[in-house]
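Below are structures written as structure tokens.
In the two complexes that follow, subunit A is the common piece, with subunit B as its partner first and subunit C second.
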Partner chain A sequence: MIFLARRLVFYFAAFVLAITFNFLIPRLMPGSPSDRIIASFQGRLSESQVAAIRRSYGFDGNLWEQYITYVQSVFRLDFGISTVQFPEPTAALLFYGAQWTLVLVGLAIFLAFFIGSFMGIHAAWNRGGFFDSFFTPINVMMNAFTPAIVALLLFYAFSLQLKWFPLGRAHDPNLMQNWFDLKFVGSVLYHATLPVLSILLVSFGGWHLGMRNVMINLLNEDFVVLARAKGLSENRIKYRYVARNAILPQITSLALSIGFMLGGALVVEQVFNYPGLGKFTFTAIGARDYSFIQGQLLLLTCSVLVANLVSDIANVMLDPRLRGR
Partner chain B sequence: MKMRTMTALGSLTLALALTAPVMAQEEVILRLLPAHTDAMVENYNPNSPGPGAQQRTRDFTYEPLWIDNVWHPGVSEEALAVSWEVGADLKSVTYKLREGVKWSDGEDFNADDVVFSFDYAKANPDYPMGIDVYNGESGNVTSAEKIDDYTVKFNLNEPDALARYGLNGLYPLPEHVWKDVTDPKTFANTTPVATGPWTAPRNFSRNGYDMCRNELFRGNADNAIDCLRFPQMNGNEQTVAAISAGDLDWLGDGLTDPDVTFLPQSEFNNYWLPAGSDVNLQLNTTKAPFNNLAFRQAISVATDRQTLLDISTFGLTTATKFPIGTGEMYSTWYDEAALAPYTWLMEYNPDKAKELLDGAGFVDKDGDGWRDNPDGTPISFGISMPSGWTDWVNSGQTVAENLQDIGINASLKTMDQGAWFDAVPRGDFDVYVMWTNGGPTPYNQYQPMFNPRLMVSGQIDFQSMHQLPIPAIVEALDKFKSTADLDAQKAALTDVHKLVAENVPVVSLFANPIWYEYSTRRFTGWVTEENPFVRPQVHDGNRERVLHALALKPIDGAKF
Partner chain C sequence: MSDLTHTQPFALRAESASEFASRAPDHVELMRELGVRPRPGWTSRLPPGLASFVTNGKGMAGVVILLVLVLMSAFAPLLSDYNPNRRAGKPHVQPGYEHVLGTTRLGKDVFTQLVYGGRVSLGVGLGAGAFAAVIGLALGISAGYFGGRVDDIITFFVNVVLVLPGLPLIIVIATMVEAASPMVIGLVLALTGWGWSARTIRTQTLSLRTREFVTSAELLGERKWRIILVEIFPNMLSFFVGGLVLGTIAAILAEAALEFIGLGDPNAVTWGTMLFWAQNNLALQSGAWWEVWPPCIAIMLTGAALVLINFAVDEITNPQLKASRKIGRIKRFLTRRGRGADVF
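And now, the complex of A and B:
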């Protein structure tokens, strides 16, 4: 309990620091939201119109006043109005982008974690065998690709040339959003296939390698020898004894991946016109949409902190050695 | 295994979509993309400062007073007004409005709506409506007066023969709806009341929406299109794939090498890139060496414009004939004989450039291999471009290399787009590649370019970046503005042209293309090089685009 309490204090401090940076980073970039709007008129505005637009879309007051307003709005959960998608509230856009990012990156992370971990367990158990010496180098090689290349190749081959998959979007635009409609869910999965594959193909190698390396070290430990001496079944040793221990560092990285999930997958979203957070954030940064950048960074901060907390708790539950402290 | 299930599910969805019953009486739908966006926002406010709503609702839903048919002045220009008259003292413009026009909710359109819209624009400066109306220099309009139900007179502060160009682009709003809207910039106008051909939104989602036929539109007999469909898209990969697959008919994207990336994708794909407004090098003449005329002339003749046209900009741009800061778009205004003595400035001649520099004392004094200022200080400057603007970055690179060839230490400097925009008003730069504005007459271009008030630090405009005050040009522009006689205007403009060529405040490079791609899968009647009846782009700012849309007719047997 003391362990968790200590962590909670740390998390609160990290949160305050993070929202301060969320506030400062967009403002350190040159330009402002109103500059972008004014520039889009290419000099056709009169001076009084420029002044009026600065007042309406700029952020009033000096940096300190703006900061106080911002911190207050964070605790009121008020995210302001987006200047890119004016006059849409930022919260509605964040929510819309976040759900599609969760579908896309969430599916990719979980599939990569399970496929990669099981391949790693299998490779370590039969180290030096055919499976290990074939898949381990292949997966490491795949891991060295970037999603950008894979996404473009998949898009070109399966969407443009073979036309097996759609060119973009999260679902058939003729279907209205309804998560209880099987046809809609099917359309979502169909549209997500290539984007998910683009991330999956380059990421499960990492889980594979991580799992395999930790497993191999553990296989030489005394408790494995003891388990064998006791005559336990192979599967029991493999999954309950070795894999359970080897999974601990993997859980920590999984939690971090989940936390960073809300950062979106910019390149993949861009190629497949997938309406995720990465794409919205990229546009928002280009247009200096302070409200959206702040909102997105806040969301990311919170999800990373929550994911860390979850991984701490999960580690305590999975590793009896941590419970005493 | 998992993947295979998904594919199977996907194919099932696809099969379902393909077997959907075809409607007996098919709606004719035109799919167009005036603006890229990541998500559609339900906003049909024609003057909303965000780019999307304006791009989709102006012209198609809300009509202007007058359409300036830039390529064919005087043809099919009547919109909500049917005629205009400039007062004898040039201190007023009077419009006769079209009679019998109904708003889409059945109310009559009349002079009250126009007067209301004018006053409304004046009361809400952060809601840019008729964006030239209050511009102190070119608009100068003090009030709108209702003469009778279908006549409106706009009064001017000073005589101005060009004021109507600012007023033509006012999109009148229905008084009975907007009088209750107190904060127009945040008003999403989800049930638009307008007079244009398509005013009824349908099936809104984040993925797009349709804008369907206004049953009360006067031209419905000749309007073959039932609905405009605005899909949500972003990125050229998406748009090219969509137009090739039949998900778009009309597009205006900047494409790299369209003969390779666009034409082969579908037999129906077509494009045409007529000359748009010019691109110039803006030199900061408040600094050495740009304050020296010979140095500016040397840059102009050292620039290899053929390479800029053919290679840097992928052969998509058009050559500029005279060193006057504007180009082909205004070719009808040229006095070729008067400008012939200046064409040497547009010809690539590195030897002449070296001669000019040597003559003005720009020689290598410190022996580092680069030319220095006559006073011995070294010359070194950057040509600034936003990273990612590929054709312009290439152009900046080419010019830098051309200058290095004649011994000037120039280099390309790419930066973030925000920083690039940000540096202009403060004058914090050496050399920029810069667009020109365009507009119905060349006056609209030269006015901001030579207005001394836009040469003060903090107020510097994209056009006045050179900051070289030339009072004789200001006088000639005043002459242009104070007469409605075309010959007198042309004479004044020739003076401007000659003064620009003599002073080289900017270095003319080439004319940007007007981006226009279209598909002949479903429609005929597109603007082509053989039949250029209006400017063809799909974007806001081209008021003729509604005439283009109304000219399109479905091909027999086309599937919508």
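And now, the complex of A and C:
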């Protein structure tokens, strides 16, 4: 419990730091968002109009007052008004995009973790064999092929040339959004196949290598020799003894990798014209919609922090040694 | 078929001692069968770590690929007469004699852009990777060696850097700087990418700090910075190189991704901006594959080369991983000779 409490304090501190960072970046850079808007009117604004624009962007008062206003608005989930889709609040757009990004990243992480870990277990168990010496280098090398490139390749081959998969959107536009309708879910999966595949292909190699290396180091431990001497079945030693211990560091890095996966998803959505956070962020970058760009960082940071907390809880549940501390 | 006779246990066959001796493989044969190659003589003059790197096939393959890419970029003006920023021909000319890799939608020569772009992409990647590795090394060693309050503070920041999502953070910073130049992107990547190497180096320093040679240096009254530089740093070299390689991969890929989504300076010629323009001009949709694949392949080759180098570094720092590669050969060898291979 003390372990979890200490982690909680850390996550809270990291969250505060992230908010502060998010608050300071536009204020330290030359030309704040509100100044840019004011400048774009080329001096045709009255004093009160300038003040109103500054206030709506939270740029009035001294730095400390601005900070308090900012923190308050964050906790009210008020990220301001979007300039791209004008009267819409940024928060609504953020959560709309986030649900589709969640579909992509969730599927990709789940599949990558399982496929990669099982390949790693297999490679470590038969180390030096054909599977290990062939797939380990290949899978890890795929790790260095950024999602952008894999996405372009898949898009070219399967969407443009073969026309097996759609050119954009998250689901068939003729279907209403209803998560209990099998036809709708099928359409979502169909549209998500290539984007998920692009993130999956570049990420499962990491799990493969991580699992393999930890497993190999564990295979020489005394408890494995003892398990052999007891005459336990190979599969029992493999999964219940070695893999169970090797999975613990994997779960910690799973949580840390979510930030990386989200970054990959931002790029992949751009290629596949997928209406997730990345697509909206891209539009926001083009239109210099600062409230959205900052909102996405905050939202992503929060999700990574929550994922880390979940992985800590999972670690405590899986690793009895942590429970006493 | 000759393999079959070998699978019989030796004891079951009646044979004379001379028969047995004549059939027994000699040293050279055994070494060949086990895939053991003697090291070339000249490597004995190198330091041991470097010698095992030079004889590592994967590592050297990576070095050769990387060297080719670096040399092509370095000698870009000799390889091409065109200006990467100027129109060199008609739009979307197919690859041919005049334009080795064709031209872009705007009529710029793709090959010229590729070799000139490599200068920036590789330079920024290697620079950012090296900078991040140095930050990680400095913070990791300080945290591990000094311990106590220093360690607590540094570890907190390492954890924060590891937890914050890198690319979204860089997106925010790059948006605030109008059209971020490759230099700015590299700097931001370096300042956000040192978490992993700091963490590994801290762990290693913690285990080194209590070793005899460090204690004896402390008892001799050596100054702290000298202990760090002379006693601890040489042992960190492989982790430093590993961090450098991984950091460079991350920086090259992140730079390409950032420029691809349009955060970079669109007038700079890099592999990332080449992809950005290709995507913007719908090169794939209009069938101009030669505008898209060259930068893609260049980025993939760089990544693959660096991964190969990292493999070699990993095998040298953790001999168990390398030994595991040999175990397959030993198992097959033993099975061929009718011995059980269950010992491993």
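By our rule, the second predicted complex is superposed on the first by the 275 of 325 C-alpha atoms of A that agree within 3 Å, B and C clash if a C-alpha of one lies under 4 Å from a C-alpha of the other, contacts with A are read in each partner's own complex, and residues count from 1 in each chain.
Definition applied: a contact is a pair of C-beta atoms (placed from the backbone, for glycine too) under 8 Å apart; a residue touches a chain by one contact, two chains touch by 3 or more.
Nothing here was measured: the structure is a model prediction, and the numbers come from that model.
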| Partner chain(s) touched by A:Arg288 [first = subunit B, second = subunit C, both, neither] | both
| request: Have a look at where A:Tyr96 lands relative to subunit B and subunit C in the superposition and call it first, second, both or neither. | output: first
| After superposition on the shared chain, which partner residues are touched by A:Arg236: those of subunit B (first), subunit C (second), both, or neither? | neither
| Contacts of A:Val271 with subunit B and subunit C, given as first, second, both or neither | both
| request: Based on the superposed arrangement, let me know which partner A:Arg244 touches: subunit B (first), subunit C (second), both, or neither? | output: neither
| Which of subunit B and subunit C A:Pro137 touches, first, second, both or neither | second
| Contacts of A:Leu160 with subunit B and subunit C, given as first, second, both or neither | both
| request: Please indicate which partner A:Gly186 is in contact with in the superposed arrangement: first for subunit B, second for subunit C, both, or neither. | output: first
| request: Scan A:Leu300 for contacts with subunit B and subunit C and give back first, second, both or neither. | output: second
| remark: Footprint intersection on subunit A (subunit B / subunit C) at 29, 155, 160, 270-271, 286, 288
| Complex contact set, residues of subunit A against subunit B | 29-31, 35-37, 39-49, 51-53, 55-57, 81, 83-88, 93, 96-97, 111, 155, 159-160, 163-165, 167-169, 172-174, 176-177, 183, 186-187, 189-190, 193, 197, 270-271, 273, 275, 279-280, 283, 286, 288
| note | So, in the complex, the side of subunit B touching subunit A is made of residues 2-3, 6-7, 9-10, 12-14, 16-17, 37-39, 41, 43, 48-52, 125-126, 128, 131-132, 134-136, 139, 185-188, 205-208, 231-235, 237-238, 241-242, 245, 247, 416-419, 421-423, 435, 437, 448, 459, 461-463
| request: In the complex, go through subunit A and note every residue touching subunit C. | output: 10-11, 13-14, 17-18, 21-22, 25-26, 29, 124, 126-130, 132-133, 137, 140-141, 143-149, 152-153, 155-156, 160, 213, 216-217, 220, 256, 258-260, 262-264, 266-267, 270-271, 278, 281-282, 285-286, 288, 290, 293-294, 296-297, 300-301, 304-305, 308
| request: Could you pull out which subunit C residues touch subunit A in their complex? | output: 58, 156, 159-160, 162-169, 171-173, 175-177, 249, 253-254, 256-257, 260-263, 275, 279, 284-285, 289, 292, 296, 299-300, 303-304, 306-308, 311, 314, 318, 320-321, 324-331
